[in-house]
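Provided herewith is a single structure, encoded as structure tokens, for subsequent inquiry.
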Amino acid sequence: MDKRDIQHVLEAVRAGKLSVARALEQLRHMPYEDLGFAKIDHHRGLRQGFAEVVYAKGKTPQQVVAIVRGMLRPRTTQNVLITRADAGIFRAVRRLNRHAEFHPLSGAIRIFRNREIVGKGTILVVAAGTSDIPVAEEAVVTAEIMGNRVESVYDVGVAGLHRLLDHREKIAAARVIVCVAGMEGALPSVVAGLVAVPVIAVPTSVGYGASFGGLAALLAMLNSCASNVCVVNIDNGFGGGYVASAINRL
Amino acid sequence: MDKRDIQHVLEAVRAGKLSVARALEQLRHMPYEDLGFAKIDHHRGLRQGFAEVVYAKGKTPQQVVAIVRGMLRPRTTQNVLITRADAGIFRAVRRLNRHAEFHPLSGAIRIFRNREIVGKGTILVVAAGTSDIPVAEEAVVTAEIMGNRVESVYDVGVAGLHRLLDHREKIAAARVIVCVAGMEGALPSVVAGLVAVPVIAVPTSVGYGASFGGLAALLAMLNSCASNVCVVNIDNGFGGGYVASAINRL
Amino acid sequence: MDKRDIQHVLEAVRAGKLSVARALEQLRHMPYEDLGFAKIDHHRGLRQGFAEVVYAKGKTPQQVVAIVRGMLRPRTTQNVLITRADAGIFRAVRRLNRHAEFHPLSGAIRIFRNREIVGKGTILVVAAGTSDIPVAEEAVVTAEIMGNRVESVYDVGVAGLHRLLDHREKIAAARVIVCVAGMEGALPSVVAGLVAVPVIAVPTSVGYGASFGGLAALLAMLNSCASNVCVVNIDNGFGGGYVASAINRL
Amino acid sequence: MDKRDIQHVLEAVRAGKLSVARALEQLRHMPYEDLGFAKIDHHRGLRQGFAEVVYAKGKTPQQVVAIVRGMLRPRTTQNVLITRADAGIFRAVRRLNRHAEFHPLSGAIRIFRNREIVGKGTILVVAAGTSDIPVAEEAVVTAEIMGNRVESVYDVGVAGLHRLLDHREKIAAARVIVCVAGMEGALPSVVAGLVAVPVIAVPTSVGYGASFGGLAALLAMLNSCASNVCVVNIDNGFGGGYVASAINRL
Amino acid sequence: MDKRDIQHVLEAVRAGKLSVARALEQLRHMPYEDLGFAKIDHHRGLRQGFAEVVYAKGKTPQQVVAIVRGMLRPRTTQNVLITRADAGIFRAVRRLNRHAEFHPLSGAIRIFRNREIVGKGTILVVAAGTSDIPVAEEAVVTAEIMGNRVESVYDVGVAGLHRLLDHREKIAAARVIVCVAGMEGALPSVVAGLVAVPVIAVPTSVGYGASFGGLAALLAMLNSCASNVCVVNIDNGFGGGYVASAINRL
Amino acid sequence: MDKRDIQHVLEAVRAGKLSVARALEQLRHMPYEDLGFAKIDHHRGLRQGFAEVVYAKGKTPQQVVAIVRGMLRPRTTQNVLITRADAGIFRAVRRLNRHAEFHPLSGAIRIFRNREIVGKGTILVVAAGTSDIPVAEEAVVTAEIMGNRVESVYDVGVAGLHRLLDHREKIAAARVIVCVAGMEGALPSVVAGLVAVPVIAVPTSVGYGASFGGLAALLAMLNSCASNVCVVNIDNGFGGGYVASAINRL
Amino acid sequence: MDKRDIQHVLEAVRAGKLSVARALEQLRHMPYEDLGFAKIDHHRGLRQGFAEVVYAKGKTPQQVVAIVRGMLRPRTTQNVLITRADAGIFRAVRRLNRHAEFHPLSGAIRIFRNREIVGKGTILVVAAGTSDIPVAEEAVVTAEIMGNRVESVYDVGVAGLHRLLDHREKIAAARVIVCVAGMEGALPSVVAGLVAVPVIAVPTSVGYGASFGGLAALLAMLNSCASNVCVVNIDNGFGGGYVASAINRL
Amino acid sequence: MDKRDIQHVLEAVRAGKLSVARALEQLRHMPYEDLGFAKIDHHRGLRQGFAEVVYAKGKTPQQVVAIVRGMLRPRTTQNVLITRADAGIFRAVRRLNRHAEFHPLSGAIRIFRNREIVGKGTILVVAAGTSDIPVAEEAVVTAEIMGNRVESVYDVGVAGLHRLLDHREKIAAARVIVCVAGMEGALPSVVAGLVAVPVIAVPTSVGYGASFGGLAALLAMLNSCASNVCVVNIDNGFGGGYVASAINRL
């Protein structure tokens, strides 16, 4: 499907021959730009509600820049998110676009091209310990760039309940909660028991010995006795923020 | 907190001394009825949006009946859901309440006391293979009794893409999708790539050998390259339906 | 070492030639009675503070009876505890000693020969869910027969904090706590955060799917962010009660 | 709760309007100081018997210093313990407080503000091999700063029983034993068989191949045939020393 | 190679045209009898020092009898060993050969056709607990039928060292030791530390929870800090007895 | 077997005393050249269809050069493949043979001595993500040097089906497909469902957290619901290319 | 796509307006018959070279019969294969079609409607032990009904190499080899080293203890030092036979 | 026990009051020299047949030198073996004793003080691949310094049987065999099938992906279908050589 195809679709819409809903449907499955080592999906924003995200780990700064350049080409106002980047990649992206901002804790790079809020409520990101903050921040920056109001509460592990319960109002006010914890991964169960909204649990690899790189927290969260909990991969703060955004947009 | 306490709260509300919001907040953390071996949380419906669910496995018919009797006592119209039950438990519950219905595939027992639809859109339950149907059905009956419109599509494994793609419209129409699969657990990635809404992935223990009781499907789903996927425990159709309901109610 | 040897030791003590401390030390390493398939350690009560416990699983009723008969022979007042027994073994033991009592939930058989309280404080056994009660009861019957005052609180899982917090006084009053939980195994972290006393965590195999027979709860407890937690084997209610007794006797 | 609140509590006590027990209870659940990335729990010493411990791994020297400065502020005489630190962190802490001492083997930093002995008996730390000593030392420094008399016996692996049995008297004299071992993790079973007191087993990651980072020792200890054994996480010398202290204080 | 071939070899030997050593070498790689579902290796006794052993599990009584009949056909005096059999298989084998004897504990069936002792010293089989005896007995019956003097010591777990040390003389007298233990699998390390001879460690699946079907004992034994320990499969009493025999024959 | 032996075989063939088929059979099991640390199998090309491949990891440049020198000695036209090499090894090999070419993505070094196409059809290498390309390239270079026409399609993960389906013709045209994927490893199931030819699935270690170094993808592929899928080791692009070559040569 | 659509395609072909290749391509993606609980893919034979296979485990005899009835309806001569069935299912299928034959060892039911040989060469199925025969037989019956000449060699484990080497000619003559082994899973490496053709390795769950349900054999096969080996799931004789057929048809 | 004690024992022997056997027994359990961080067991040579071995990993050069100095002090002719050392440790040991020799492949340091051969036959060390040689060499240097004649055969993996079978005579001549292999770990099964003597299998961590650090080879060896195989830890060449020595000395 090339430009003329899109033109046809749009003219048909204007002419009243094609409903907007049908046109949208058609446009949702359009092609992509092939860089050889990667294919940029320009219309993913239309189909999935957010443009493709660049996972920088294992890519050279040159590759990341090439992909981002491709993403910035269309005259859309789609925001750009790059995860698991480092200072070297940031410098390269910054040369391409001076609006790029770097979040060293989570390693995320963001280029805001619009700051519209599309999420219906507030997403709350809760983290059990200080060491879980980088993963939590990845959830925060992801949810923000996807157009959500985001709040966060950190260092509220279950072994000091009063710290958590002090934030009861924030917890009660959230429309979706992302709950980040390593070690025994108990926080999502406790938080989810306090609310009716969905809780996205993000296990982290924080811990040692029998934490087995986050396996302990992952298993705990999958076995949560609270029913309103679902889980994403270990250290996947991005995934936690993304799922929360997908929910908050409904 | 006994009846008089609730009365006081409500009279204060009626007298205008207490706002509805505050009253709701107070009532959300009320006590429970202690049966010795279990505590019935009468106000969980208020706090969590749905009454407690009885997990029947490992309980005697007598215990299940005692809990259900306790749940039916308050003059609420909360629905009752019992999961992982068998015919023996059903007969006992049926004697207690003749509206009880049994779903042999999933082992669920339901007592509808209201059929109000509270979910905003349709929940779609998709299952990869015929053997995954019992788990999928558990998701269906859960989502239904929690007040949702539910549709289902079964036997659409990824090795026969055309079967799945034939249901593209149903998939596109859903507000939340529960995606049930055993073996290699690939279905959620494919389905989630077609939509922007959240997909709750439910791995099943269907398979043999290196499926290791559903571990293969679970790991696959946690590693999904689609970002709008989150995961619940193996064979946890109830959890899948519950999380979907929590989302659909937003 | 036969009776006369013991006599000599005791006479030496009476004659003032041997201090009580030294005599105790000598008596602590005495022989055992050999049944061929098992060796009964008559003086373990002296050395370890409690007579040997019979683990009935995998033993025939005849073997259990033979061992118990041997244990009852010496003119001591040591109590007898048999774990993981069934009704058949109980009938056989009952024929041997009419004081034997059976606890069907935990499968324990007890013969009280003295009811002296040797524990300094109260041992509290807390269980997260109804299905964890059999393991919790094993801890209770073990701690009781070892001479402790025991209290218990059941069905106080972390997803309903108010149930747990209602028992704050009992929790604060305990000298040692045994904390039994399956699924995500989060209860010990929460309970241990409320107290300064040692908490013995007992993971149970309650759960399904990614609970992997209690592995999830075990790992969670080993990774507890509360520092006053230590752990025994999965479903090892006996071990939980035993360690708690060893502590409470100090 | 600020200073005046505490004043009110104390004046009420002095005036006889509030019993000491009740006052203590109230004071046990007081707030904390929020540093943004961490929350310092000033009254944890009251509630848990020991101030918060700083786990330095993954924290910058600046973060550690900020937390320690916060901990030193109140006019208490609470001791300070920092675990898993390195020379760089030590230098930073030393600049803050010249009484700070570093234990390079275990990576612990301690600031003694009181040297009162609150433990009732002696804690004995036993280590199987030379390579287990760093973990054992972490247990020693933890137990010491929590106010215990501590003794240690090293290099007494079970393949050379005579080395262990030579220390029988020390073993018999201990009120609590911390038993540290890697490889096959057999030492706790042997030691616990010699005594009636509780034995805290600490598996270490010492070993290679099928030790799987300490998993072999951990599983061995969880399956100990001695009943007076409980277990903490792999390499968790701090946990071993902490639980032992909690017990020894009873 | 048929009978005439063997005749030729033997006649060549008698005629002095072929040295015994060469003839033995030739005969060591001879064919087998093909039953379709199995191939009987008639000369394995020559090549490996013991005739093939029939592993009965998963075979019908008819199949076992067919194999044994084939093994008994040659005019050798090779003994026959069937492992993991049950009473039904025994009855079938008994009808074939009235000398067959059944060992119900281990499930072994033996047909002695010669009772020559070919082992140079005594093989000692040590078992940690009463529940390990069936595996230990499999080692005993294997070592016996392979022509060894065998002694055994049972119920000498490491948590009661005095029981083990009482048998120091038997232990010191053995030429090879088979050491059988479940749970924490610590016995081989302790026993091997007392002797210079090789110790064959046999982990058993005795235990529950985190014993994971004998994995805990297996890993412990592989990580033994005693250097003269080697290990066979879980519950493989036969393997333990076989390796011990291969050593004792040297 | 030395040169003269080969001469004899060949003369016998020329004289008509030995059929070509029989001669080939004899030559297939010939000796090798012993370098001490390695044995070069000169006739593997005859027996296995391709000369030995040098796995460079863990070998010094000197060792690799010595082996390659030995491989180049015979007057054959066998190609040489070295896998998992680095720039240092390449420089050393380049000095030995100036035709050596280096593929930095996969770390492969190739020396083409003939470019004959022996594969009957085209081998298609499909990779799910950009990060899977190094493994895919190893399959490509392996299949090429073994005499196959090879095509490749990259970045066609299952969460964007349209990218994959755009290549339907290439997929339909392949005689064998090598399918490379990390994370959830779902691509082989989808691809194999589109074709009747064999699909060799290569899991990669691409991913994090619960990918457990490629275990998630490996398990998914072993449990593929498509029946025409078989699997090689994680990251084993070489194996994928080799098996595909062995098939394509039929 | 209904009958008329197919008619159009075929008439277009007859009229020369559509090439056969193109027509085949169009027909390859046709619909299926929906039974509610399962969807029968009538044209899978066209697309994949073999009709769908019914995996009977977990299906009722009624479900299996309904599916088979659907499969037999079209006027094709596609063979029918049902795997993992039992005698009860066989009786039900037999009533439907009297040509159904049952293979009790593997649990396969077959209905031959044509016996055309489409495989180019012979598929050899090799099994290591007597207990591996059921899995091997599943490979045999699968390969046969898919139109291949199949040979088999059983009980040729690597600990008795002469048994295997006796079959060298059969091994050399095969075009594809399926190699079935449990326990240490070493057979595929040895067999693959003797040939140049592809070897499909099928691990079995035969073994005990540390075989962990076939995991040991699976891992061994994935790590084979022979490069012409690829692997299917544990006990997946069907998969082994299917992949071999897909290859042999090329 | 000091020198005079030994003198008394020896004089009693000379005077005929004490038999040599009894004296030896008494001397076997003598004390050790305590360095604080380690205890040197001077009489282990007497008790275990070889002096203690120093495992250098994780020890400083100073610690190793202190231990070796202690070991060299007694007027014995015990050889000294240090394993897992590096060049730095070697330099330090060399300064202490100029006879120290370093084996860089295995990291072993040896000080020969006697070269007496005490082993009865030849120990053969067989290694599957070139990468397994470091582990094999550790077995060789261990067996040599313990007084054995040692031979070795390398690069004889099972995928090229003819390489292995060429060494049949060496294999047949060995009294004990140590068999070292990584990847699929199949070599011990094949070698053990050729001989009647015990085979000590040493799995190595050679491999990648699903070798899981040697787990694949370890499990394969534990499940060997050859009965005369026993196993030591992954990469434990020292253990393999030690057990072989213990056997060869019998």
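Order as written gives the chain letters A, B, C, D, E, F, G and H; numbering starts at 1 within each chain.
By our rule, contacts are C-beta pairs under 8 Å (C-beta built on N, C-alpha and C of every residue); 3 or more make two chains touch, one makes a residue touch a chain.
Not measured: the values here are computed from a predicted model.
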{"item": "Chain pair equivalent in interface to C-D, over half of contacts matched, among C-E, E-H or B-G", "value": "E-H"}
{"item": "For subunit B placed onto subunit G, the superposition rotation in degrees, Cα atoms, nearest 5", "value": "90"}
{"item": "Intercentroid distance (Cα basis), subunit F paired with subunit B, Å", "value": "49"}
{"item": "For subunit D paired with subunit G, centre-to-centre distance based on mean C-alpha positions, whole Å", "value": "60"}
{"item": "Between subunit C and subunit B, distance of the C-alpha-averaged centres to the nearest whole Å", "value": "39"}
{"item": "Interchain centroid distance [CA atoms averaged], subunit C/subunit G, Å", "value": "55"}
{"item": "Shared-contact residues (touching 2 or more other chains) in subunit F", "value": "160, 193, 209-211, 215, 218, 222-223, 233-234"}
{"item": "Touch list for subunit H against partner subunit E, complex", "value": "25, 47-49, 53, 120-121, 172, 175-176, 195-198, 200, 218, 222-223, 227-234, 238-239, 242-243, 246-250"}
{"item": "Subunit A contact footprint on subunit F (complex, rising order)", "value": "130-131, 133, 154-156, 160, 162-163, 166, 206, 208-211"}
{"item": "Residues on subunit H engaged by subunit G in the complex (per definition of touch)", "value": "128-129, 157-161, 183-186, 189-190, 192-194, 207, 209-212, 215-217, 219-226"}
{"item": "Subunit D - residues contacting subunit A, complex", "value": "29, 31-32, 36-39, 41, 44, 55, 57-59, 63, 203, 205, 213-215, 218, 233-236"}
